[in-house]
Structure formats: C-alpha cells, structure tokens
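When the chains are written out, they are named A, B, C and D in that same order, and each has its own residue count from 1.
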Amino acid sequence: MIVVLRKGSGETEIQEVVGRLSEAGFSVHISQGVEKSLIGAIGDRSRIEELSLEALSCVEKVVPILAPYKLVSREFHPEDSVITVGGQRIGGPEIQVMAGPCAVESREQILETAAAVKEAGANFLRGGAFKPRTSPYSFQGLGEEGLRYLAEAREKTGLLVVTEVVDARDIELVASYADILQVGARNMQNFLLLKELSMLDKPVLLKRGLSATLEEWMMAAEYIMAGGNYQVIFCERGIRTFETYTRNTLDLTMVPALQLLSHLPVIVDPSHGTGKWQLVPPMAQAALAAGADGLIVEVHPCPEKAVSDGKQSLNLENFREMMKRLEKIARVLGRSLKGVAGE
Amino acid sequence: MIVVLRKGSGETEIQEVVGRLSEAGFSVHISQGVEKSLIGAIGDRSRIEELSLEALSCVEKVVPILAPYKLVSREFHPEDSVITVGGQRIGGPEIQVMAGPCAVESREQILETAAAVKEAGANFLRGGAFKPRTSPYSFQGLGEEGLRYLAEAREKTGLLVVTEVVDARDIELVASYADILQVGARNMQNFLLLKELSMLDKPVLLKRGLSATLEEWMMAAEYIMAGGNYQVIFCERGIRTFETYTRNTLDLTMVPALQLLSHLPVIVDPSHGTGKWQLVPPMAQAALAAGADGLIVEVHPCPEKAVSDGKQSLNLENFREMMKRLEKIARVLGRSLKGVAGE
Amino acid sequence: MIVVLRKGSGETEIQEVVGRLSEAGFSVHISQGVEKSLIGAIGDRSRIEELSLEALSCVEKVVPILAPYKLVSREFHPEDSVITVGGQRIGGPEIQVMAGPCAVESREQILETAAAVKEAGANFLRGGAFKPRTSPYSFQGLGEEGLRYLAEAREKTGLLVVTEVVDARDIELVASYADILQVGARNMQNFLLLKELSMLDKPVLLKRGLSATLEEWMMAAEYIMAGGNYQVIFCERGIRTFETYTRNTLDLTMVPALQLLSHLPVIVDPSHGTGKWQLVPPMAQAALAAGADGLIVEVHPCPEKAVSDGKQSLNLENFREMMKRLEKIARVLGRSLKGVAGE
Amino acid sequence: MIVVLRKGSGETEIQEVVGRLSEAGFSVHISQGVEKSLIGAIGDRSRIEELSLEALSCVEKVVPILAPYKLVSREFHPEDSVITVGGQRIGGPEIQVMAGPCAVESREQILETAAAVKEAGANFLRGGAFKPRTSPYSFQGLGEEGLRYLAEAREKTGLLVVTEVVDARDIELVASYADILQVGARNMQNFLLLKELSMLDKPVLLKRGLSATLEEWMMAAEYIMAGGNYQVIFCERGIRTFETYTRNTLDLTMVPALQLLSHLPVIVDPSHGTGKWQLVPPMAQAALAAGADGLIVEVHPCPEKAVSDGKQSLNLENFREMMKRLEKIARVLGRSLKGVAGE
C-alpha cells in the first residue's frame, strides 16, 4: 500500500506511521517529494484496515496496491476453472442454459416447463421454492413442497436443478434436493450464508448484489472459497442505476472483466437484468457474444398467469426461438449449445 | 392502478384485461383516448404483481397509484410514533444520541468509551459484537463476549445498548443483552431476519440498504410491523452513488421525506454516511437541522488503533465538542439534548 | 395524465384542479375511490409541466401516461429509419464501423490510421479536432488543422468523416469538413447546440449523456428532429454508476430498448463504454449481438503514445482481428459487415 | 503517481516504463516487491494522461497521488476566499440567500417577488431569462426582456441579480445586466463556456453537474480560475441517483468536504436538490448547519401558476417563515443572516 502524508508532515509524524507499519510486519520505503511524502509498505493486505492509518491526522489517504482477493484471482489459478456437476461442465466450451419459472407454483407448472426447456436445449432447470419478496403481503414460495417438484422434474427429464437458498438453516435441506445452490442478489453480502456455503460440497451460483462493485463481488466469492468450496459460478444480473426503463442495468462488461481477473465461470441473467421479456433474447445473445459461459433465464408456460416476474418471463415458444438463435451464435464463437436441434 | 394499453389494442384485448381484473376483485373503469386506452382499477394493491398484466402483449405499462405500504404510513397513523425504551423516548422532542465504537474490541475499550459518551450526553451505547465484513480475512467480532461487555457497560453507566443482529438464529441471544436491535444496511432486505424480528418485543433500528429506495425501506419496516412489532426506528446511513470521495452519500432529505410519509422516528448515522471523521460533526449538525430524532455515531478512545472504521470514528474529545454544539442547535430547533451540560 | 389527490381532498379542491385542467384544454374524468380520488386528463402532454399541479396542496402526485416525445417514437414512424450518407447506409442490414483515434494528433497519425481501418473494413473515420477535456491543462485538440487532416484522409481512402462539434459557433466550420457531426456525452443536453444542429442538413450522432435516462436521450433527439433534421443516430457510450473498474457502465440494453420505442438507428461505443482496450472486442461483439447498427471504436497506430485515451484504444493489429470476428457474428445475425475480407 | 506493473514483468518492460517517465521529466523510484513491482514517479501531474502508460501491456494500473487541481485547492490558498459583489460578501460570516422564481415570467411577477424576498431578508434575486429545457416544446425563457425586468427589480429593491448564462455568445449580454453569472448543472462541463467566463470580471456561481464527482466539479472551477477569474462560488444542487422520490439527491456532505479541500465559498440549492417545496425548509436549515455560506431558493408569488418548477417553489409566506427559522440557526452557528427582522 501507499500511504500519502499531508503536506507539511514532519519527521516525528513520518516515524509514527513507519513504526506502526513495521510493528504490523510491513516492510517500508519512504519517498519524500517536494509537495508530499509517501510511504510505500509491503505486507499483508488484509491487515490494512485494522491499522486505521487514516485516523491519523498526518495521513491524507491510503492507497491499496494489491487486490484484497487471492483464491478467486487468475494470478492464483491461471487456467479457467471448469465446474462439473451431474455430468455437465460449466466454464468449458459448452454454453449452459438454466431455464424455468421465477417461482415454483405447482407440480404441473414445473413439470410442463421442465419438459419444454429440456426439449429446447437447456441442461438445467431453475425455479424458486423460497422467495425473498419486497412486500410482506406477496407470495413467499412453496418451500420444501417446491423442492420436491423440482426433484421430480429432474427425475423425469434429467435436467439438473438450480434453486435459491435464503436462510443458512435451510442449506442442508436445499442441498438435499438441488444440484446448484443459488445465492440471490440481496444475499450477496450475507456473510453468514456465504460462510456456511463454503463448507458445502456443491456448486454455488453467486449473483451480483444490486449495488455491488466488481471487487466486492469477488470478495463474496472469496468467502466461499476461503472455507474450502472452490465451486463458485458468478452470475451477472444487473445493477441499480438511475435508469428506470429497465428493471436493472445489465452490466455485461463484467463478463470479460471477470475473465481477466478471475478463473471462475460467469453466467448472465438477462431476465432480471432487463425486467422485460422483449429485451431478453437480444441481451441473451449479447451475453454469449461477450463471452458468458451460460445463461439463467425465466421461462413460464403462461407468463401472464405467473405469480411473479411474469413480465420478464419468456413463454415456451419464445424460449425455443431464442435457443435456436443462441445455438448459431455459440457455434460462430467456437462454443457449443449442445441440446439444441440443428436446422 | 392504471393499466395503459398499447396503441391499436382492440375490444377483445381490453375485455381480456378487464376480465382478469374483475376476477381478481378489482372494480374497473375504461377510458378510451384518441391515442391510447386506459383502464383504471381499484382493489387490493398487493395483488397487482401476481396479476402479471405486463406479460400481456397489449399492455404497455401498469402504473400503481396507491403506496404498497400501510402500517408504516402516516395515513394509517397520523400522529408521530414515540418509542419508549428503558425510560428514554425516541421520536419525541428529545434528541437521542447513540455513541460508541464500530466493534466491541475489549472490556476496557467499551467501558472507557461508555463512561465518556455518557458524560458527554449520550443516552445509548452502540458497539458491534457480530461484524459483517467484506473480507473473510478481517476481524469478525467478539460474539457473545462482546455482548457481555456491552451489558456490563450498561450496568455501570445506565446507558442503553444498541447492537446489530446479523443472523436470525442469534436474535434471542442478542435480545437478552440489548435494548435495541440493529438491522444493518446489508440486511435491510434479509426478509427472514425481518420476519423474525417482527415477533420480538424490542425496538428495531432499521438501517437503510446501500441501494434501497425510500419505498423499499418503508416496505422493510412494513415487514417488521406486519408481524406485530410496531417499534421500528429508521436510520439513514448513506447510499451508494458514483461519488467516491465520501464512503457513502448521506441522503439527509430522507429525514423530512419520511416524516411526511410515515409516523415512525428517524435517526441518522453520519459516520457511515461520510466515512471521514472530519465530516461527522457538520453532518451531525445538519441531520438535527433536517429534523432527525437522533444520531448514531462512531466514537473510539483511540481511533488510530481501532480494528475497524478508525477513519470515521471521533475521539472522545471531538465527540464532547460536537455534543456541545449539537445541544445549542437542538435548543434553537425547540428540541432538547438532555444529558449535555450547558455552559 | 393521472392526477392523484391526497386523502381527504374535498369537492372544492377537486373542482379547482378540474377547472385548471379544463381551462388548459384537457378533457377530464373524475374517479372517486374509497382511499383517494383520481382525475384522468387527456390533452397536450407538453402542457403538463406549466400547469404546476403538484404545487397545489391537495395534489399528491401527477402521473404522465403518454411519452413526452413524438417524432422519435416508433408510433410516429413505424418503419426503421435508414440514414444514407455518402453512399453508406446506417440503420439497414449493413453494420457500420466508425474507427480512428480519440484525437487528431498529426497528419501522419490520421493518414496511417485511416488507411489501416479502411483496409480492415471500416467505412467511417472518427477523430476529434475539438476536444472537451476535464482538465484545463490537457491537450485541447488541433482545431481546424485537425479537420483538414480528416478531410485529406477522406480523399485518400474514401472513408466518411465523423467528428465532434462542441460549440454552436463551429457548426458551419465542422459541417464543411465532416460527413456526420457528433454531439458528445457532455453536450447531450446542450439544448442550444441541439437546436442549431436541427437546422443542419447533415446526420447527427447523438451520444448518450453520462447520467441521461432513456427518455431524456430521446428528448434530445426530439430537439434535433423538431427543428427539421430527421437524420439522428443514437450512440450508447456508457453511463456513470458506482462501478469504478470500468470507466463507464456500458448499457447495451438500450439497443433493443431504443429499437422498441424509436425508429432511429443506434450504434455503440465500446471504447468509452469500458475504458480498457482489452474489454473492447468482447463488448463490440456483444453490441452487434444486441442488435446495434454499428460501432464507433478508438483505434490508434500506437496507443501507448496517444495523447489521450491510449488505454482504451485498440492498436491496428487488434482492430483487424476484431473486425474479422465481428464479420462472422454479423453474418450469423443476418447482417453484413461489407468491407471485411472473408477467409 | 504510482505505476503498478503486472506480475511477471521483466527488466526490459520496467526499463521501458522508466524510460518514458524520465523522458517526460519525471523522477523515478523503482520498488520490486515479491508479488508486483511498483514505479513511483514525481513530476507534472497534468502530463500523466498523455503518457498513456496503461496502454502498455505490462502496466496493471496507474494510481495518481496528487490532486489534479491547484488554484482551487486549500493548499494553494489556505485562507477562505471571500467574494465581494455590490457590497455583499459571500464566504464570510454572513449567510447569503438568493431567492426568486425559476423563470422570469413577467415584469409584475419579478417585481412582486423581488419586493417580498427583499423584505424577508434576501440580498440576491434569482430568476432565469434563458432556460435550458428537457423538452423542445416547453417554455424557453423571455431572453433579454427577462434580463431587463431583473435589472429593474434591482433598481427598485437594491437586490443583486443572479442569473444563468447558457451560451458563450450571451456572456457579454448577461454580464451587462447581472451581478453574478450562474453556470447550470448541465453546463458544468461545457468547457468552452467555462473558458470564456474565466476572462470575465464578475463572480460565477458554478452548479454541480448531475453526475459530477467532487474532483470534476473542482476541475470545472479550476478552468475558470486558470483563465484568471478567481471569483467562483460552488453550488451543490443534488446529484442523480437511483432514488426517485426526490428530484435529485442533495449531497450536503459536499459542503464540509469542499471546505476541507478548497478555499472557495459554497452555497446550496435545496429547491432542485429535493424537487418538493415541503422538503425545502428542513433542507435549507440542514445546509446552514452543514456550514454552507448561503442558499439559492426558488420562490414564486403563486407556485401553482408557475410555468416551471412550481412544485419545488416556496410561496412568499412559506419563504418568510423559513427565513425566520434560518436566522436563528445562523445565529447559533455564529453567523448572521442580516436582512431578517428579529423577533
């Protein structure tokens, strides 16, 4: 890190800072400029905050140089990480599509959707059994009953199941039904949940928080990896900005940015990212072209009857059409979207 | 709500929308304009989303008219709510100051701070025992040991204790030591936590999420009230914007805005709101002048040795100075800051 | 528009609102609900603001229903607008690439770049002669000398010239050299500039402002069209958000959103949109896949010697590589990127 | 500045960077860490960008250490700058209130408002003659006729006139009528306008751009000072965030932040900052308590008939009430709001 001292800081003040740094095990280099003095310090990045150097009145600012994350970084693991689950690979040349309704509403709904998305080329079924809702008066999900329907759909179709866990107390339960556990945007910094997932031996789909920076998102993945679970998949789903025409602002640049900085796979959720079903197919295409390893998309047999997120759900016909176009784009990018029938 | 139909929508489409609305118990009025037709619908606001009208291709947009919250609104409860805890009132003419370190670090630290802030005029002691931290490598708090120190400080000084609960499983434990339970910014939409707090008989200090709108914040309070706990205190602590000079952007306008829309008390956290101790006293003054019912402020006997948030913590001397100035401002506003010695 | 009255508004207050609306030529319908009364009013959208209804204490809010723009809307002109300039079409099946340096630095630089981007398949040369710079101490552009170099490059290569105009007094001068005039992000709401460009008979490339909503951006185009110049091209170049890893947040969803709402062509600037050259090729691909009609890209023969924006400029080799990949993507999308040699 | 090299950068690459820095006159210090090498460079801050070091593939990032502004900084001018205009001081112990309508609408309107705000204690009259409007179909201001009414009001009342200039070609005209020229939020980075104002001998009120960082805002002031005009007054008027209940998010923390970093006076506009007249008085109070040197407030004799901004304008009675409360707060802060009658 670089410690920038205020103009006019004297020798005593410099020595106080140097003393505190040395005591904390940092090796130190002082550079006295005409305008300001700087102290360069090399040591344990994670100890910077507890040094509280900026509380000293002679310190103008502290500029960290090294990234705060380790295990998620490409420097730590230069090759792409490929996560294998139920025979499917995420992060390899295959594009993986996860499709299904926002919420599991009934056995019929989930079985019908599963059969259709399987036929259209998806390998994963999504669907929420525990729903975090903005209003206490809204539908809160079917709970374990919903998980059972998802598992039944897996048996019938061979699709793997992705579903959200919202409470650390439910991890065991959800993990007993699901193939991938999803951490929702509102829980990206629920550090307790992250820590308990770090002890699980199942992949975790980590959605970006509504106002999370790239660095914070990577630190959330670091939490999961630090506990020993290296199977983390990033999912960009849009951030909150001043633009209100779309539900969120889908920040696709995070896809190549994560691929520069990290080795973990990254997928995109164009449904929450846009909030309008008409915008989903072009943004799904764009996600692949930006380099995403997959997509998670809301699909409903009858969006106008969905209990939630109907306006951002594709119907089965639109999903099939989209998959055909995605397959062509995947091919030209040198990747494959296996399940889709060619023409 | 108003349903705006796309230009060119025909009678069949209008009737489909009307049918769905009537079925859901809404009373309906159609207004056919030259350019667009509108359908006004009066009924249960909480059912709008599950109608998924915007999934219909003839629907351009749905404009809700009524607010989604009820119990938090001033229309529901026109008088200001005053919350009484341990003989102190929040939301009345008294300004309440809650002060103390970011984290409970040791028995000595907390007792020294408590004695000092009490003497300076605070009635509440703050301090975190469970710390949600962005990095898995940072100090995570003393846990129950920290709670015990806070309770000891209360016994010694008479200060009431405010501390954060981050896990629903800890509510009982934290409630056995604390007078007010704090929900942190990152948990404002941890709906499970909110629901379990709604069954508690202790006041909840509800911090605004980093990217929460006023409406979402009020809905989070609604969660707590909907379960029966009417003792909710709003706490503005800054939102995330593009400005990086300050840690957050303290949105003080929320104070008078909440007072227009809600009956619940509102306090301000200028420490997290600014991230720099030099900016805390002027923004604490501004908070009172904007109408806040109190403040929650980070104070540390030795900020440059704090394990966290040192750069936004006031030392004891600066806190005392600030309190004297706040007392004068309170008085000119017709409020009182009791504990502060006059001059 | 819908006027929502406060709870408890009486007949006199309703009649005052109705009177003001009728006087302004609106036809009015009153709907008295149990909780609130609404007044629906049909008339001239542009007169809403000057009615200042929200200044009346009985009015809770005014909800506009119709869009404020007319000429830019797809409802006004259902077919896509195709803009033809110097034999090139923008908005048709062809993908148009505009490439060149941030700033015109010298005759050699611009001629070398022009030859290279032409060979790689671009039809337009970009380059700034008048540079709006954040610091008064930075290079401000070559002015008319720069325009002459651009014109010379056009003569030598057949490329058409796109360049920014920053001052209404320079419009005539810039138009005498350029084929398309660019309005920069910081001038998107420089209404004087827009008005004078509305009287020009040349296409205008209208970049989105850093914090402009979709609606404000469309209104800026409306300014140009309202004066009679229908040749407007939208250019998404990223918005300002809390994310600082990228220079801006490229909001690609605006591409399909604009295509829903407007008939005008839309292109994308992945250079400013990301701020890092490594991120430009994947985001250029993503832009095409999202449906963009073209790209504007910063290219420099030697980015590490560029006087500005070096870190977001592609070198000639990287640009050529990118163009080859873009050509394949264009083809699979059913569009063409003509100038690029096949394989 | 600190240049951070990518892991694995070799001696040749380090020497290339060092060479380029030395050539540009920087003195250089190399620090080779275990993980990364750093190069510290001391020299002309304004040359950093044109070095384009981040275009080199061995450079991970460049971290500037010194601020890019000079003349606006408190380091350059440690004492507060006090600007004197027409016998009034801005930036001294006096609180200055600038009040009047959004737009000059008629002679009667402006004379009535002027008399009333003068009586209530304001020393400055505000009012727009040239209005930048989001829609081409909205009222665009009375132009020079409006300026004449303002001048007439000054003659009659002794109030000084503050009014916006939107076009560099109008500077001379506006300056011939006004005492202070206002640069609106949308023109904060209209660098041409700033440059021409830098040659004027009149104070400039520089509003913060909707998405301008503190540093960019200070750089805009630097533009004006760099040309020789040292009479710059900052005006915080709110920034654009995701919160839509208020028109903008009034960022009051900028007041003490500017006072730390700069010597120039700073005032606040609570009318645009909130967008709702009910929120103006508490936020005006908060602005003073945060340390502002003054306020600029929209006041209209009949807000519900205002052609623009009616909903954020105070009527005369509310303005008078507010001034009385402000006077008391000013006094307790050790400042004065002279014109207000005591009680």
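Details
Keep in mind that, in the parts below, a contact is a pair of C-beta atoms (placed from the backbone, for glycine too) under 8 Å apart; a residue touches a chain by one contact, two chains touch by 3 or more.
Not measured: the values here are computed from a predicted model.
Seen from the C-alpha centroid of subunit D, the farthest chain centroid is that of A. Its C-alpha atoms superposed on subunit C, subunit B is turned by 180 degrees; the angle is given in steps of 5. Counted by C-beta pairs in contact, the busier of C-D and A-D is C-D.
Centre-to-centre spacing of subunit A and subunit D amounts to 39 Å, using the average Cα coordinate of each chain. Averaged C-alpha coordinates give centres for subunit B and subunit D that are 30 Å from one another. Taking each chain's centre as the mean of its C-alpha atoms, subunit C lies 27 Å from subunit D.
Shared interface positions of subunit B, defined as residues touching 2 or more other chains, are 211, 240-242, 244.
Residues 2, 4, 7, 29, 31, 33-36, 38, 40, 42, 63, 65-66, 75, 240-242, 244 of subunit D touch subunit A in their complex. Contacts from subunit B toward subunit D in the complex involve residues 211, 213-215, 239, 241-246, 249-253, 255-257, 260, 273-274, 278-279, 282-283, 285-291, 328-329, 331-333.
Within the complex, the subunit B residues that touch subunit A are 20, 46, 49-50, 52-56, 68, 132-139, 166-169, 186-187, 189-192, 195, 210-211, 216, 219, 222-223, 226-227, 240, 276-277, 303-311, 313.
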